Structures are given as C-alpha cells and as structure tokens.
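Next up, some structures in structure tokens.
Both of the next two complexes hold subunit A, though its partner changes from subunit B to subunit C.
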Partner chain A sequence: MTAARISRYAAFSRISAKQARRERNELYGRMAFFVVILGVFSSLWRAVAEAGMPVAVVAADPRAVVWYLAATEWILLSAPPIHIEIQEAVRRGDVVYRLGHPVSYVVAEFASGLGLLAVRAPFLGLTAFLCAFAFTRWTPPLTALLIVVPFGFAASALITALYLGIGLLAFWLQDVAPVYWVWQKLMFVLGGLMLPLELYPAFVQRAAVFTPFPSLLAAPASFVLGTHLVTPGALAGRLVIWSVATAFGVSWIFRRAVSAVTINGG
Partner chain B sequence: MPPAAAVELNQLSKSFRVRRVRSTGVGARVRDLFSRETHTVSAVDRLSFSIAPGERVAFIGPNGAGKSTTLKMLAGILQPDGGDVHVLGLVPSRQRRQLAFQIGTVFGQRSQLWYQLPPRDTFELLGRVYEIDPQEHRRRIETLSSVFALGSLVATPVRHLSLGERMRCEIVASLIHSPRMLFLDEPTIGLDVSAKAMIRELLWTESERERVTLLLTSHDTGDMERVCTRAIVINHGRLLWDGPIAALRRSYLKGKRVTLWSDAEHLELSLPGVRVLSSGSYRTELEIAIEITPLGQVVDAAQRQAAIRDMAIEDTPLDDVIRALYAAADIRSGPS
Partner chain C sequence: MVAKTLSFTRALIATNVKATLALRGAFVVQVVFMVLNNFTFFVFWWALMGHVTTLRGWRLGDIQMLFGIVAAAFGLAVTVAGGVRHLGRFIEDGDLDTLLTQPKSVLVHALGLRSQPSGFGDLISGLIFIAWSGQVAWRTAAIAAVVIVASALILVACGVVFFSLAFWLGRVETVATQLWELLVTFSLYPEPLFGGALRFVLFTVLPAGFVGYLPVRILHAPSFTNVTILLIVAIAYLSLAALIFDRGLRRYASGSRFTMFG
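What follows is the complex of A and B.
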C-alpha cells in the first residue's frame, strides 16, 4: 500500500476519531457500564472465595479473576460496533456515497473503526485499570499488564474487523442483530468473557480451540490471571492467522454483496 | 472533431430478483421458509441515449421507472445485466475508481456528511479521498463556499443545519474534486420553496461556470425547467421521450389553461375541446384544446354571457404534460 493510499485511509480514522470525541455520552455510558460490571463481579468472586469454593482452579489469587474480567471487558467494549453503522447506512441508502468513492469500502470502514477504537481503548483501559484496582486493592505484575495492552488492542482491532463482516451481511439481511447476538453468545462462552475458559467443561474448551474467540479474549487476558493459556509468540501467531482469515472472509462477503447489491429507496 | 459523449448508453438493462410472497396462511409461510418464490423485475429495459459534455439533462419518470437504478449504474455502484454504458469514456462497473475521480453524485435523501461534525471536516476527508493538493483544496473550498453562500455553515455541526443548508453542503461535497459530470437524484426533495430556488440557481450557475455535465432526476418539474434544457423521460425502464424541454411542451401541449373573471357568477361554456375546471365566485377556469376550438371563439362565447373583466392565459403545467406522457405510454403498453 502506497503512502498516498495509507494517507487516504488514515483520513477516515482521523475523522471518525474526531466524531467519537464529540460523541462523549456513549463513551461515558460504556465507562459506567464498566464500573457496574466490575463491581458486581468482584463482589461475586469475593463471595466465591469466602465460601471456600475452588477459585484456585483458575487463579492462585482470586483478585486476579477481577483483573481478568477487566481485561476481557476492556477488549470487547473498546471494539466499536461498526456493524450497526453499516446496517444503518445500508437501510438509509447512505451506503451509495461510500460505494461511489475512489477507495475500498471495506478498508475505509475498517479504518473508521480503528479511529473509534483509538479513542475508546485508552479511556476504557484507564477505567478498567482504576476500577479493577479500586475493587481489589491489588495490581498484577507490570510485565503481565505490558503484555495485555498491545495484545488487547490487536484483539479489539480484530473484533472490529469481525463486526465489519457482520455489518456487511446487512446487504442481504437488512437487520444483522440476530447474527450479532449469536456471535456475542459465542464470545461469552468460547471467548471466556465472564468466566475463564478453565471453568467450562472440557468439550467447550476443546471446541473453543478451533474458533478465534479464545485468541480475542481469554488468551490475552490470561496473562493477568497468571495461567498463560499461550505464550505471547503463539498468541501473536494466532492473531495473525485469524486476521488473515478475517480479511479473506470479509473481502469475499463484500465481493458477493456488491455484485448483488440493491440500494434501498430506488 | 465533435466532442465525445459524456454519457453513452446502449441497450442498458438491469433486473432484480424480488421475493414473491405466497398466499397468506400458516402452510404457505412455512413453505416460504424452505423454498422462496421469486420473480424478476426489469428495472431498466434496453435503455439507450447519449449526453454531450456540458449538457444539463432532466431524467424523468414516475416512481419505479428505473431512474435511480440507471443513475447508480452510471456511477458504477450497480452492475448492469446487459448492454453497454460509457461515462466520460470509462465503463463504470469495471473502472469505478477511475470514474469516481471525475464524477460527483448527490442523492437527495442520503447524506455523505459526518453528522456530528461540521461540513468542513467532511470536505477535508474528501480532499484526501480524491487526492487533491492541500493548497488547491483550500482554494476550492473557499470558492465553493462563496458560490454556495456557506459562510459560517462550514463550521457548524451538520446536525444543527436545516435541510436546505445541509443540501447546499452536500452539493459542495460532491463538487469538491471538480467533477466533469454530476449526477443528482432528487436534490430538492423536502426543501421549501426558497431553498429549492436557491439550489436550482446554484446548480445552473455552477454548471455554466465550470461546464459540468448534469444529469438530474426529480419529480419536481421546477427543477427540470429551471436547471435543464433537455429531458429524457422513461417509464418501466424504457425510453419514452428524449429531446429539448421546450419541444416536450410543444409535443404534448395541445391546450391552454385560461382563467376568466366576469360579471356573471357562473359561465356556462359547452364548446368542443373546452373543459370547465372550476366555475364560481365570478371566476371560471378552463382548459382549452386550441386545435379544436380557437381561444378567440371561447372568449367570444364567454362575452356573450357576461362582460369579461380580466383574463389569464397559461400553458398547461409541465406536470400535466408529463402525466399525459406517462398515461399515453401506459395505454400503448397495455395492462401488464
């Protein structure tokens, strides 16, 4: 990709970052959600530990589980739901403008998503850190945090690309919410969003290996848990593989979509 | 050597598969889940015409005639099923990106402006997208802002703009890369009278100033009359009429609309080719087929009943002309 082309797509990232800074309420809403969910789950894990239940199955220190949850939620909440934007653009017909520009629609949408991610991730990351620290009065080793941050950002970017693929289905379905709900539930379970994968039955853990979900949430977050599901090198490899697969998948969906596109409203 | 056509369509066709809903009932609905019945709808049917550079053409047709589908094929957004199309010497479906640098599009009910941000931000983005030199881009924004009287609007968030203001900004956004051709799909839809007049004036001025070729679809005959010199009329995806707007009037204008103010409260005029549209309160509105009964005969007949105080003679509105054109085409094509 030439510098001129990079500059074109970077412009999409910049303008969407600017728009995200204007839409502060949504960011504040996500931060508030973060505080609530970490508050609830830290109380839950404390209760589990006090009841003598085997928290040690997943972590030597029950406080690490709160940090695990903070990490998974940070990754997930930082990824902008661009499938909704795409769905609305398809429904309103505004997509005709984007399709008519001399840029790749898919790359432009992804670049816009990265712009939003660049605004959300630092704010939500800071919220995650402060909330997790406030609820546990403890921090994981600095090295673990330093590993989680870049991998978490990369995972959020990959989730954004997956949302893009879901959004493109709007060219056929108009409403992609059902697809998103299925995806979200798979993320909850196979990604280990709320509970570390080690707490699930063996067959779920085995099935999860064949999906991108553990690489998106459980694996990056496992560094704060101390269980290290994979090494950083292996995780990087998996993220690259799933990114390539997602890129192929999304471009295939897009090619099919534009060949069959009908624009709403004539 | 005559200039190459800006737009050249030859037997252009496009159809869509549309789902046919089976009869109501649970059984039919369940069958629908497993095997859907579809039928083909022909949106554009062997359409041919060409447009010279710098022309301002109204592209007219009733709802569902295939106007927007044609525009989207011309812009390279939709792929034709058959026929040839060239825009500025390029094949839109195959050379969409090259073409995008040379055309602009305005879709009246759509927006390309970023809603939370001022239009200036979208203009800057488009400058990057179209790879415009930053200095030239700044000059272009200044020029267009001045022509379109944007003033402080460029710095106002789009969500705070009125529809008319937003539409001016949308058109500037579409002109920012100095396109040679502008496709406009209902650019004045939903606007009030003064905003419409302003948009029409600006489009005409800009087209004259930069010799931009315009292809405009609209249901508003005012758009066509004030901006365009030529009309292409389609219905059911087929060409109905193509020629100067003045000729369209002449071809289908077999009558005059006459309003008489007289001393009599009602006028009773039963002459061949004369239709009384309304009569009462000393005012009578007539539609006269002047080929059947000359205007003078009608006025004489009216004067025999009462003194005529005033009279207004108008051409039949273009709306009526176009309606007559569609009706004639429907009669020719028969029930479908």
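What follows is the complex of A and C.
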C-alpha cells in the first residue's frame, strides 16, 4: 500500500522533472541571473573589504564569504516557486478537478516541486561552484562542500514546501504575491542571504532564532565559512523540527481551504 | 498627432487608475506589502553600512537616494504602463488582435492595459527613501520629479525592446523578464562597484546607468547638461523601442481569437 502510494507520487516528480528538462529557458535564465548576482556580490564584498570592514568576524578567509553567498543563492534559486502555479490553479478553478483525484493535492504538488528541484539543483550547484571559483580562485575544504550539498538540498526542499503553503493562501487571498514578497525579503534578512547573520544588529539575530530562515540559508551555507557555528547534527535536528512544523501547517491550511471552498458550475 | 496620443494616454491612465482603485481592499494590501517589502530589503544596506562609512565613496544616504529613485521609477512604470510586463504574452498568444482594429497606437494601448497596484507601493516607498536620504531639498524637488519620470521612461522602453523579441523568437517571456529584472538589479547597486566592459554594458544594452546612476549624479549636483542628456537618452530609448515594436508588428501573426479588453 505504502509502496504503491510512493510510486504514485514519484510519478508526479518524474513528470515534472521531464518537463523541466525539456523547457530549459527558465533554467538558463536562472543560471544567468545567478552569474550576475554572484558577480555583483563578489564586487560588493571586494569594496567592503577595501572599506576596512572586519570580514574575519564572519569568515576565516575573506574569500569564503563569496562561497557563502554562492551557497545561499544556490539554495534559494533551486527551490521552484510552485506557489505561482497553485495560485493560478485556484484562480482558474482548475484545482476543483484535482481535488477529486485519488491522490492528495498537496503531496502531489510537493512531489512535482521536488521533481523540478531535482533538475534545477545540480545545474545551479555547478554554476555556483564555477562562479565562486572564478571570482575567488579558491575553494573551501572538500569536507565543507560535501556537508553543504545535502543540507542545501534538504533546505531547498523545505523552502519548496513553504512556497506550497503560501500558494494555498490563494484560496482566501486570490493574489498571494504580496505575502510572497514580504516572506521572501524576511528570508533575505533573517536567513542571512546576502550578509551573514553575525553582521546584523543583535535584535535581528535574536528575532531570526524564532524563524526557520537561518536553518534554511545561513546555517547550511555557514559550513564554507569555517567558523563552525553549527554542527551537522544540530542543523539536521533543526531541519527536521521545521519540516514537521511545515507539514502540519500546510496540511492545516489545506484542510481549512477545502472545507471553505465553494464550487460553482461544472 | 502627438497631442491626440497624449490625450489618449491620459485617458488610458485615468481609466486604469480607476479600475485599480475599484478593488480597494486588494489595492491597499498590495501597496502596504510592497512598501514593507522594500523597507525589509533595505535592512541589508543599513546593516552593511553600519560597519563601513563609505563604499568606494558612496554613503548610506547616496544608496538610499539610488534605491528611492529606482523604486519610484519602477513604481511609476508599472502603474502607468503595467502592460509592458505582459507584452511578450500578448504577442505570443495573439492578444494584440483587438488593439489592431482600433484607431489608436497599438503600443500605447498595450502598455496601458494592466496597471499594477503594487506600483503605488514602490512609488510611495521610493519617495520616502529619497526624502529620508536628506539629499534632496525642496528647490530640487522638481528636478527629482523629472529624473524619476525619465528613469521610468527608460525602464518602459527597455521592457518594450526585451518583450518585443517575441515577434521574432516566439516564447521569450522568461528570458525577457530576466533581462528586465537584471536591469533593475544592476540599477539598485552603487555605480563604483562596476568597472571595465560591464560599465559599457550598463550604459547601453542594460542602461542601469541611466535608470539609477545618472539620476543620482543629477540630484547630487543639479546641472542643465546632465538633465538634458538624461532626457535625450530617454527619448532615444523610447524611439528605439517604438521602432522595434513597429517592425515586429509587421511580423505579427493573428491569434484568431475573440478577446475583450477593458
């Protein structure tokens, strides 16, 4: 029974992965965007170092900061923005047909998201590695990179699940873009996307502790900084806790949405 | 001809704004969240500039002004000409059919079709950032208005060029959107960060230099020459965009669809 269920959802992943491999324009676009963003940030950090900022506060080697940015951007850009598709399905009413299928709508959407992630993550990871190396002419220890990759992938999967939750809000809001903007910018700041959290004021660091954002971006990427602020075991624990919380949250939102939905016509 | 087009544009903007304001709840949510979004993003700069006083000569106030100009220009662009973001899809799906039969400029009509309520949020936060930078006095407010409008016109012109590629290349929405986002991204970072060949690109193909850097220079030290250059550049980019769209329109294939706009 469980094996049959898993193979059903695995089919959703396979189909979306196949589609992503066929429609590569978006992937190429993201790769180009990645190169530009890393270029901008490596230039920014060179200017910051020239200005006399004590980069040693956050990294054993100043070049590691560019690798940190490559890792956080890789995690964020790999996660497919599935909330847009969900919002459109809700707006058009297509979601109604999906609700009658003998599979969970939420799990099927998440499985499709994972399929997209499986295609994006390797391409973007390679882009991140090559760009960071090109901009720094240096690589962090191999052990650090080997830790970042699985944690980064897990964090991207969790971000995908959170996008799913945001998408489901379309049942009430119709347009979830405003929620997404603020959520995304909170992740930029509280997740330490562009600037390691240690460089933010103390109140921002304290606020970040109560959110999943540091576990999604700063903590997995921090392994390349060589500061050992978090151990792999502790990070794994935090990701499990936030995954469970997200699963409960998403399923609660979906139950409320389905019980409140009004279906007109046919 | 020009007077008629301007009068039509004014009527189109008025209709769009009315339509946007009709859904008051959604409008307020989008505006408030966009303002929040911009201020949350700027926390990065406040934190970074808390550790260094200048970044290759740029202070926090300069970055606030740059951010303000670009946000306000972007807001103005997507409020008044929100259709620019959908131009690729209009071309690809044959949605220009309805506009072709009307006695008005197809480009102006297509641009004015979709006003983005969130643009007001960008505009408001942009003006707040400019005021907060403390670098614009009341006597230079008129110049600030002119540079914001010129910057918005360049953004719209670039959007028209990028999305018009659909006339020749088919489905380009993703690539065109990325190009437009790159233009905005480059515009938001201080000018001295970029040098060499990239600098040439930023004053030509992706004119972030004219969207953000030159306006900041003008507001720092208002000069008739720089304002004139900016206005000439805006007109040149707009003319180029209109020319490319016009050429593309000759290749346009009807979608044979019955569509209603309004």
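Basically, the second predicted complex is superposed on the first by the 261 of 266 C-alpha atoms of A that agree within 3 Å, B and C clash if a C-alpha of one lies under 4 Å from a C-alpha of the other, contacts with A are read in each partner's own complex, and residues count from 1 in each chain.
Heads up, the rule we're going with is that a residue touches a chain if its C-beta (ideal position, glycine included) is under 8 Å from a C-beta of that chain, and two chains touch if they have at least 3 such contacts.
All figures in this text were calculated on a predicted structure; none of them were measured in a lab.
Trainee: For A:Leu195, decide between first (touching subunit B), second (touching subunit C), both and neither.
Mentor: second
Trainee: Could you say whether A:Phe33 touches subunit B, subunit C, both of them, or neither, answering first, second, both or neither?
Mentor: second
Trainee: Which holds for A:Ala47: it touches subunit B only (first), subunit C only (second), both, or neither?
Mentor: So A:Ala47 only meets subunit C here.
Trainee: By residue count, which of the two partners contacts subunit A more extensively, subunit B or subunit C?
Mentor: Touching more residues of subunit A than the other partner does is C.
Trainee: Could you say whether A:Arg92 touches subunit B, subunit C, both of them, or neither, answering first, second, both or neither?
Mentor: first
Trainee: For A:His101 in the superposed arrangement: first (subunit B), second (subunit C), both or neither?
Mentor: Only subunit B is touched by A:His101; subunit C is not.
Trainee: In the overlay, answer first, second, both or neither for which of subunit B and subunit C A:Thr231 touches.
Mentor: neither
Trainee: Contact residues on subunit A for subunit B in the complex?
Mentor: For this pair, the touching residues of subunit A are 4, 7-8, 10-12, 14-15, 18-19, 22-23, 92-94, 96-103, 258-259, 261-263, 265-266.
Trainee: Show which residues of subunit B lie in contact with subunit A when the two form their complex.
Mentor: Listed in rising order, the residues of subunit B that touch subunit A are 16, 63-64, 67-69, 72, 75-79, 96-98, 100-101, 103, 105, 107, 109-112, 114-117, 121-122, 124-125, 128-131, 157, 185.
Trainee: Okay, in this complex, where on subunit A does subunit C touch?
Mentor: That would be residues 25-26, 28-30, 32-33, 36-37, 39-40, 43-44, 47-48, 50-54, 173-175, 177-179, 181-182, 184-186, 188-189, 194-195, 199-201, 204 of subunit A.
Trainee: Give every residue of subunit C touching subunit A within the complex, in rising order.
Mentor: Spelled out, the residues of subunit C in touch with subunit A are 26, 29-30, 32-34, 36-37, 40-41, 43-44, 47-48, 50-56, 118, 171, 174-175, 177-178, 181-182, 185-186, 189-190, 192-194, 198.
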